[in-house]
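Okay, got some structures for you below.
Across the two complexes that follow, subunit A remains constant while its partner is subunit B and subsequently subunit C.
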Partner chain A sequence: MAPYPEQAELSGREFWTLSFLGLLMFFGAWSVLALSGLMPSMFLPTPWAVAERAVELTFHPFAGYTIQVHLISSIGRFLLGFGLAAAIGVPLGLAMGWFRWLDAAVTPLLEAVRFVAPIAWVPFAALWFGTGIGGPTLIIFTGAFPPALINAYRGARFVEPRLIEAARTLGAGNWRIIVEVLLPASVPSIVAGLRISAGLGWQSLIGAELIVASSGIGYLMVKGQSSISTTTVMSGMIAIGAVGFAIDVLLRRLQRRIEAASGIGE
Partner chain B sequence: MALDSRRSGALVGVAAVAAVLLAWYLLTSVTGFIGPTRFPAPGEVGAALKQIAFDGYADGKLYQHVLQSCKLILMGFAAAVIVGVPLGLAMGFSRRIEAFVNPAFLLLRPIPPLAWIPLAIVWLGLGDAAKILVIWFAAFVPSVINSYTGVRSIDAHLLEAARTLGIQKRRLWLEVLVPGAAPHIFTGLRLSLQAAWTTLVAGELIGALQGLGQVLNVAAQDIYPAMILVGMIFVGLCGGGMTWVLGRIERYAMPWRRA
Partner chain C sequence: MSNIIFRQVSRQFEHGGKLFPALAEFDLEVRDREFVAIVGPSGCGKTTCLRLAAGLDFPSGGSVSVGGVEVRGPGPERAVVFQQFALFPWKTVADNIEFGLKSKGLSAAERQARIARQLELMGLAGYETAFPHQLSGGMQQRVAIARAYVLDPMVLLMDEPFGALDAQTRTLMQEELVRLSRVNPRTVLFITHAVEEAVYLADRVVVMTRRPGRIREIIDVRSVREAEGWDRVERIEEVMDQESFVHLRTGIWKLLREQQT
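Entry: the complex of A and B
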C-alpha cells in the first residue's frame, strides 16, 4: 500500500473529475487570454479559431498545397530517411555486436560525430542533395540512425551466450549466426530502438523542413509564420503532433506484439 | 576474428580514425576527387578556423558565437529545470496533481520542440527570447517525465520508514524524494540538454544575429563548406563539453553512486 495518502490510488470519479478540470483550466486559460485582449488575437487566436483554420486548410491550399498534401510529402520523406536509417543501422549494429574489430573501428568514428546535433547537418544536406527530397532525407537519417544502430548492437551483445555456443558447436558460420541467432534474439531491442529512431527522425524532419524545403508540414508552418497567420502555425503543430503520436502508437503496438510473441511481455 | 585484448581494439580504433582522415586528405587535397564546393580539404578547414577565431565571421569571432550559444542554452535549460523538475516530482508524489496536470501535458507532449520555433518567432521575433522559449520547451518535457519516474521508482519501504519516523514534509522532500529520484532526474537532464542543443541550432539556423547556428547559416549561404565544417565541429564540441560537465555534476551530487 502507498505509505502516504497523497500516493493512494484515486477513485475513478475523482480521477476523471480532476482530469476534466485540468483540461478545462488549460483551454479556459487559453481562451481567456485570447478573448481578453491581453494577447492580441493575431498572436494568440482562440482554440476554436485554430480548429476552424485546421479544417479550412484541408480544402484551401496554403503555401501551394492543402494540409493533407503537405503531410503526405512530409511522411514520404520521413519513411525514406527512417527506412534508410533502419536498413543500414540495424545490420551494422548486429555486425558490430558480432565482429569485435568492426566494433573497435566504428565506435570511435561514431563517438566523434555523436554530439553534432542532426540539425547541424542541414547546410551540408542542402549542399549535397538539394532541398527537395534528398536534403531533408539526410537530416532524418542523421537523427534516426544512432538509436537504430545502438539498440541492434546492444541486442546482439546481450544474446544468451549458450545460444551462440550451441550454434557454433553445430557448425554455424558467422553469417548464419548473425542472421539466425543474433537477429531473432535482438528483435525486441531493435524494435525499441526503432521507436526512438522514429521519434527523433520525425522531429529532425520538421527541423529540416523549417529550414530547407519547398513543401511539407514544416514548410507550411514557415509560410504561416512569415504571414503572421498564427492559426496556420498552430494547425501545423497539431498535425505534426498527431502524426508523431500515430507513428509512436503503431510502433508501440508492434513492440508489444513482438514482446508477447517472444515471451518478454508477460 | 575475435580480438581479445583491449589494446588491439584501441589500435583498430586509431587505425580507423587515421584511415578516414587519410581518405579525406587523399580525396580532397591530393586527387581533388571531391571538389571544394562539396567538402573542404583539411587545409581549408584550418584556414576557416583561423579566420573565424581571429578575424571573425558572421558578425562575430568564434568565442562570441560559442558564448552566445552556450548562454542561450544555459538560460533555457535552467528555466526548464527549475519548473520541470519540481512539477515532475509533485506529479510523481501526488496522484491528484498528476490527474490534474497530465491531460494538458499529454496534449502538448507529442509536439516536437522544433515545431514551436515558428510560433516562438511570431510571438517574440528573432531575438534571444524566442530561442530561450523554444529551448525551454525542448528541455521541459524530459525534465518532467524523468523526475516523475524518479519519484515513482522510490522504494515504498523508504517512504514507509520516513512516515513512521514522523518526518516533516520539508525533510521528506529534501532528504527522501529528491535524493531518491536523483538518478532519474539526471537522466532527464542529460536528455534535456541534448534536446536543447538540437533546438538551439535549428533556431539559430532559422534566424539569429550571432551563435553557432548563425555561423552555419551564413556559411551555407556563402557556400563555404570549410566554415560549415568548423561550425559543426564546434556544435559537437560544445554539446559534448556541456554533457561532460553535467556528468561531473552528477558524480558530485550523488556521491553514494560513485563506483
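Entry: the complex of A and C
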C-alpha cells in the first residue's frame, strides 16, 4: 500500500480515463481560446485548422518540398549524426571503462565540453562545416554523443569483477576482454544510453535545422514563421513530436528484446 | 614439473591508511600432481593464497612460482574455478568452455574435439547450447570446472568451488572430483572451509591460523587414505564413516577450534 492516498496505484482504466481527460481539457481550452477571438487566428489557429494544414502539407510543397520530404531529409541527417555518435561513443566509452589512462586523458576534456549545449555549437558548426550536411551532422553529434559514451563507460565499469578475473585467468588480453566481456555485459546499459542519445540527437537536429539547412522539418518551420503561417509551424511541431516518439518506441522495443535475449533478471 | 611454491610469502592490505596483514611467512610446496587443500577460519588469507598463485594478486614479500616460473599475472596454464562459477551469462555452455581455448592458438577442429571430450567427461553432453541461467547450480559449476580442465592446465586453483551448492549437489560434485582426479591427476590447490571436504579430496590438508594467516599444521591424508584403502570405497558417506577418516577430521577440527579463542 502506498503511504499516502496521493501515491495510490491507479487502475488501467482510471489511468487512461485521466489521460484522455487531460488531453481533452487541453484541446478544449485551446479551441475555446481560438474561437473566442481574444487572440488573432493568425497566431492562434484552431486545432482543426492545424490538422487541415498538416494534411495539406503532405501534398502541397512548402519551402520547396512536401512535409514528408522534409521529414525524410531530417531523418537522414539524424541517422548520420546519431550513427556517428554511437559508432564513436560506444567503443570509446568501453575503452575508457577498461584503460584507466584513457579515462584520465579524455574525461576532463569531455567535462569541459559537456556544458556547451548542442544549440551553442550552431555558429561554430556553420563556420566549419557549412550549412549543408556537415554542420547539422556535427550538431546532432554533439547532442547524441555524451549519453552514448557515458552509458558504455558506466556499463564497462560496473561489469562484475569476477567475470573480468575469469577472462584474465583464461588468458584473454585487452581486446578480448573489451569485445567478449565488457561489451556483452554492458549491452543493457549501452542500449539505454542509445535511447537517451537518440532523443537528444533528434531534439538537437531541429535546433540545427532552424539555422543551418535548406531542407528538413526545422527549415520548414523557419519558413512558416517568416510567412507568419502559425499552422505550418505547429504542423512541424507535431511532426517532430510524432517522429521523436516513434524513434523512442522503436528503441524501447529493441531494448526489451535485447534484455530478454541476454537473460537479464534471471 | 607442475608444482606451486610459496616462499616466505606475505601479503598486507591497506585500509584507511593502516596496514592489515593477511598472510605472513607462508611457505608451501604443492608438488607435481598433488592435491592440496587449505582450510582455515574465515579471513585467514586462504583465498589470498589462491589469488597469488593465480596472478590476480601479488605478494607484499616473498615469491610465488608455478612450474618454476615466478607468477607475474594470470594465465591459462593456471586455471581457476571460482566459488560463484563466474560463467559468462551471454555465452552458451560450449562457448564458455571454448573461451580459454581460444587463447591457446588451437585450430577450430582441435578446439571442438577437446570441448566434446570435456562435455562427455563432465556429464554435460547435450547441454552444449544451453545458457548458464538455464542450468542448476551444480551443472553451472560443472561447466566452470570443464572450462578449467579443458585447458589442460599445469595447475588447477579452486576457490571454494562447491561453497555455493546445496548439500546433496555438493556431495555428488565431490565424488565426481575424486573420480576426475584419479583418472587424470593434476596439481590442485583447493580452498575450502569444510574440513570433511578437505580430508575427502586432498592428499595433504594445510590448516591455517587466524589473521595474519600462517600455516598451523600440514596433515598428510594420502598415506592414511592409501593404507586404509578409501579409494576402493565408492560412496563418500562410507568413506566418512571410516574410523581413520573420523580421526583425521576430528584432529583438524581441534586445530581449527584452537583458532576460535
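Just so it is clear, the second predicted complex is superposed on the first by the 245 of 266 C-alpha atoms of A that agree within 3 Å, B and C clash if a C-alpha of one lies under 4 Å from a C-alpha of the other, contacts with A are read in each partner's own complex, and residues count from 1 in each chain.
Basically, contacts are C-beta pairs under 8 Å (C-beta built on N, C-alpha and C of every residue); 3 or more make two chains touch, one makes a residue touch a chain.
Small disclaimer: the values here were computed from a predicted structure and weren't measured.
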Applying the touch criterion given at the start, work out whether A:9 contacts subunit B, subunit C, both or neither, answering first, second, both or neither.
-> first
What is the contact status of A:122 with respect to subunit B (first) and subunit C (second): first, second, both, or neither?
-> first
In the three-chain superposition, say which chain, subunit B or subunit C, touches more residues of subunit A.
-> B
Partner chain(s) touched by A:219 [first = subunit B, second = subunit C, both, neither] | neither
Check whether A:185 is in contact with subunit B, with subunit C, with both or with neither, and answer first, second, both or neither.
-> second
State whether A:162 touches subunit B only (first), subunit C only (second), both chains, or neither.
-> second
Counting only touches as set out at the top, which of subunit B and subunit C does A:248 meet: first, second, both, neither?
-> first
First, second, both or neither for A:62, with subunit B first and subunit C second | neither
Touching subunit B in one complex and subunit C in the other: list those residues of subunit A.
-> none
In the complex, subunit B residues that touch subunit A | 1-3, 8-17, 20, 37-39, 93-96, 99-104, 107-108, 110-119, 121-123, 156, 159-160, 162-163, 194, 197-198, 201-202, 205-206, 213, 216-217, 219-220, 223, 225, 228, 231-233, 235-237, 239-240, 243
Complex contact set, residues of subunit C against subunit A | 54-56, 73-76, 78-80, 82, 84, 86-90, 99-100, 102-104, 131, 133, 147, 151
Contacts from subunit A onto subunit C in the complex sit at residues 160, 162-163, 165-173, 176, 180-181, 184-185, 187, 262-263, 266
Subunit B partner, complex, touching residues on subunit A are 2-4, 6-10, 14-15, 18-19, 21-23, 25-26, 43, 99-101, 103-109, 112-124, 126-128, 174, 202-204, 206-207, 210-211, 218, 221-222, 224-225, 228, 230, 233-234, 236-238, 240-242, 244-245, 248
